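Multiple structures follow.
Two complexes are shown next, each including chain A; its partner changes from chain B in the first to chain C in the second.
Up next, the complex of A and B:
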């Protein structure tokens, strides 16, 4: 895992991250303008190569789309959707990858301490050395992003090229994009860029054009300009939220559990101070783990 | 391109037709998007398919493949009849006011002068009327004369009403009118539109006339020569522009000089047929730049034959090979297949061997079965390639390709491993005419060699054989100058210097003979310094200026942009003369003021033209010379008597026509189209093969190359051959998406995966329902075993355009079945 030079804002299965508050890092974001994307897949190739993902086996099934959905070995996918509206055809191409939510459902759902982290700059990353491959993160994700890698037994997804970003480079997909429909910078700058483009589109006939930066997950570090105000036409959830159960686990059950553990600990301490240590049975025993 | 890639950002309207730039030129396509983002430009895509370009266009218009002329003439009619054309521009920068000979006529699909026996035109009547007193042309500046080019054009296009466009092209009238409104919004000084096209226009039996119709539309709208305008061909390969510039086809020498015909035995004879004279006394005089032809040709001969070329021996002209017929692509393989040349009545023998490099003839030629059968008749073939292509392995093509068993094929095939583009230095000349140097990135693997080393070693060995053994006309080979530091592997910068040209004697300033411009041995500054007396040499006059005493200008990488229009005058070198926009004199009005002050091509400042490098003499005041310096008239031609199939474009159906021509059913297809007639050249009819088919490329793939990558990422992104089929046709035939289908033409059939889509739609043509399907070209039998697939050209026909002899790959007839 890269990102060693970045502070961690949040970490899975922990009450707080390692964020010291000494350094403030602006939140970064990737900008995607679907109205100038030609679906050339240069971003797909760049992602595969930069991240050493090798190749996945694909077959011609009657579509321009490389795979039906993201894969543990394929983190960046252009989705092609045809739609007829009022007799006119649209062929919409949307770059699909991890959205890097401000309130990441994957991180909230993850039970393995430190397996999913959110850096100070907003990037959400998986640490394979801590991932236990349980797949809970997938249930927490409203965008169907994290995928199980059969060979490594770990979850895998787009890192927003944190290894490039931490040394001041743009993500590989942005670097490769020929039309300039991808951009990278601070979240504030990318939102401003998106709003200006939406404004331009609104004036030139795309009255429903919108900037997709959904509030339900606290906004995302991938902001997407949609020519048509229907996220579902682009295979995007209209109003994504972290699933209620995951929220419940994170915000109610986990604190309750922690509280219970704390109470137990205090109880144990009190017990100890009052009664002293519990001695092992005198017949000896083993320190070894039972299994 | 008349303009450049970057210049597209200056357009208000972009008409993408006859090409799918988002698919095939994704990097250059950024400037389309830049125009949309920064200027709010309108992008219109006209294509048989709803393409990747259409996906980001403001308006998509369907069109039946091969009917672009009807569409464009419909646009011209709309512009003329609504007055939405740039009339000030048309009057000074086109031949609209010129009076045409009264012998010119057009009736029932044929122009005057047609010879039905030869299927050719005698072009005498396609001429201007000359004033017998002045020997100049006759002009009517009011454009009212009934035989003025303008009135004849108006009359010619009158038949192309929006209803007729719908009937021929299958484009709904409302959509066509929307496009017409957008496109003609640039027919004035304030707005500019660009026109982009590619092989979707060239690969038809009417290809050249389609491009002419596009150029005529741009002239009428006043868009040629202006920043943000132009007629812009996107070339199909990184260096195809360079290949044609350097004499890549049989009929041209480097710099588009003509290959001598056998009838021109002396240099004087040759110049008589090549150097045009101007009669233009009425309008502005023309620089008629081809008057300098002898300087270019003599300097070329000096570069070939060096000291052996002298004034006394016509600079070695006699040694240059002469052509006695058409040696274009399809004829070469026709000769090979038949075993003798049909152009010479079967009297001349066919080629017995061939050398091919940098291309894959079996993959890219039409009618693969004929190609394979043709190569099987050779005694020897040399394939210089970096992968083992279909051409290298023609002798074990699958049996359905009709090849004989390998044991029956006597051809000896030599495969010479060649360096790939990244394994050698050199230049790429892009579509924008920029010669850009590239540096070798790595050494070629194993024994692979650069093209120049392979060719040099073959040449030197052949020269040595002539030296030792003599032969017919040995001088032709022995006198070739090969003065490179390393003759067996010339440094390409030395070759580029040779192409630029140098002084062989001291060159004096014509205005001041005491002043020496260049001393003997110095590189010249440009083709303006070339001489016809043997005192200069130059391998390609058009590229002259690329390697001067200042150094290799193709290596320049300064991105200064003084005009803000993206001309980048110190980035690489743009032929001719580092000019970024051709015909830029037409960007200004009669007084030399730019039509649009915010987009200045060049302007007259009282003493000289400033801005881009001007076409015309930099100090010639407005009114001295016309913008179209290569034409004797000096103006752009709306009427052109030089092509082989008519002075105006006219709608003809493809050779394999899906309908009778609605305008003139007696002349359905181009009467002059090239059609070969061997037993393998079978033409399908609309009854047996009712579906129109077209071929194209995919952005994920590179020609026939990516299929050779084992587990390559590009094969991962676009796996396997497919056939795009309209949803409604698939429903009719019970074809499910992803199932196997068979496509059959009169030449054979291939199978692939059905891609059922609404991007292709049912069309109403001449009142009847008509279907179009299509498939990409990138597969073949020679790739990595995981990535082989059918050759698209198995189904295409050996028919083509009568001017360029380019095959008609984009419209042919097929049938479709479940496999």
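Up next, the complex of A and C:
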């Protein structure tokens, strides 16, 4: 957690608001164009270096992919997928990391006050000192992003390099990308860039090309151009949402539970005042032994 | 050395207290020492689980985390306290099972009779050691303890279970807990303020003859051999 100079828009398990509402900060976003990604993994290396994550043991799964999925010590993963489309083999690479949802399921599910925060600029960050390692965030996330360090149980994920962004730099992955398939700026600018690219792709034969900025989670601060459309081909959920059960136990069951306990407690008191205690009648109350 | 009291020596009374459903001195032994110890351990671990779980449940009760040294400690402590609560609940279940078999008369308790009871209007003609409401509570908390354990285990080790199962586990844990809390508040109220003379069954283990005759005439007759007087 590094965004010390940024205002916090939303915080996990907050009782009240965290935002002054005085200033409006533009939402930032990372732009990913899967069609110009060459799978060089420079972003992976840059992420490990900048975030001081060291090295991880790779897993050979028959593709170029470094690991099967994200890890507490590996926040940026290029996913390699192969698929036959119209008789030809498509080799698709997609940069996987935290999507920085506008409505983050992790933050919504988290029970530890301040452990997950969303800054004014839309970046979703985790504060390990407040994380209790319960795993609720992983249950709330539709993208399977939060991962836990084996020894400490603390959650770790991409911070969108908030420590760079807050001093006016782009994220390390964007800085390292050699083809320009990554970009960084305001969300509006990145969406405009993505739409223009999708237009271009549509015209040059990629009829199903689309910009992935899913509405179910309020849009994301990572917008991805998918050359072939079909988010599921890129291991992305087609229509991600904060799980409805998470919303149910967080927003409905908790107030209902507190109310139920309160009503019962008041109810017993009301019962006592109306009906009073039931005491054994004094005439039958002899404690004498009959013998 | 020994004085005669109510036709029994002090030593006989002391021996009587170690057993259940007997007359000891002027009182009836309702719960022998082992029963009381089991119930207090269940109650103790319940409150330990409650106080360490509620700050995780909602930040409204975040202040309870301070009792244990913070929310991280609660996250560590709660599953152990809960597991212990479950184990002791099961012990208690088998300890009391014999008295908790539902009879035909208990059936009426699942309807408006329970409300009439609360309004001091109508008592079952012949409640034995436990009335239908108490038996219902017994079976409900046993089911509840199983629900809390199963969902709790999934929540304790979330990463070994698929996302949908984890979502359902938290839902089940919440619902069961809410019902449990409501039931326990009522249980404690009935055992203390609402029915004077009941709480000592859990402390000293004994109840007065008058108490037994009023609340559990069938049991009173069984223990003393006296005809239960009509109230």
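Please note the rule applied: the second predicted complex is superposed on the first by the 247 of 291 C-alpha atoms of A that agree within 3 Å, B and C clash if a C-alpha of one lies under 4 Å from a C-alpha of the other, contacts with A are read in each partner's own complex, and residues count from 1 in each chain.
Note that a contact is a pair of C-beta atoms (placed from the backbone, for glycine too) under 8 Å apart; a residue touches a chain by one contact, two chains touch by 3 or more.
As the structure is a prediction and not an experimental result, all values here were calculated from the model.
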item	value
Touching partner for A:133 - first (chain B), second (chain C), both, neither	second
Touched partner set for A:229, first chain B, second chain C, both or neither	neither
Which superposed partner A:111 touches (first chain B, second chain C, both, neither)	second
Contacts of A:216 with chain B and chain C, given as first, second, both or neither	neither
Contacts of A:237 with chain B and chain C, given as first, second, both or neither	neither
Partner chain(s) touched by A:92 [first = chain B, second = chain C, both, neither]	first
Which of chain B and chain C A:248 touches, first, second, both or neither	second
Residue numbers on chain C that touch chain A, as the complex places them	6-8, 23, 25-27, 56-60, 62, 71-72, 74-75, 118-120, 155, 158-159, 163, 166-168, 170-171, 174-175, 177-178, 181-182, 185-186, 189, 193-197, 208-211, 213-215, 224, 226, 229, 231
Chain B - residues contacting chain A, complex	22-23, 26-27, 29-30, 32-34, 36-37, 40, 50, 52-56, 58, 60, 699-700, 711-714, 716-722, 737-738, 753-759, 761
Chain C partner contacts - residues on chain A that touch it in the complex	13-15, 111-113, 132-136, 138-139, 144, 148, 243, 245-246, 248-249, 253-254, 256-258, 260-261, 264-265, 268, 271-272, 275, 277-282, 284-291
Residue ranges of chain A in contact with chain B within the complex	35-42, 44-45, 48-49, 55-64, 66, 82, 84, 89-93, 178-181, 197, 200, 203-205
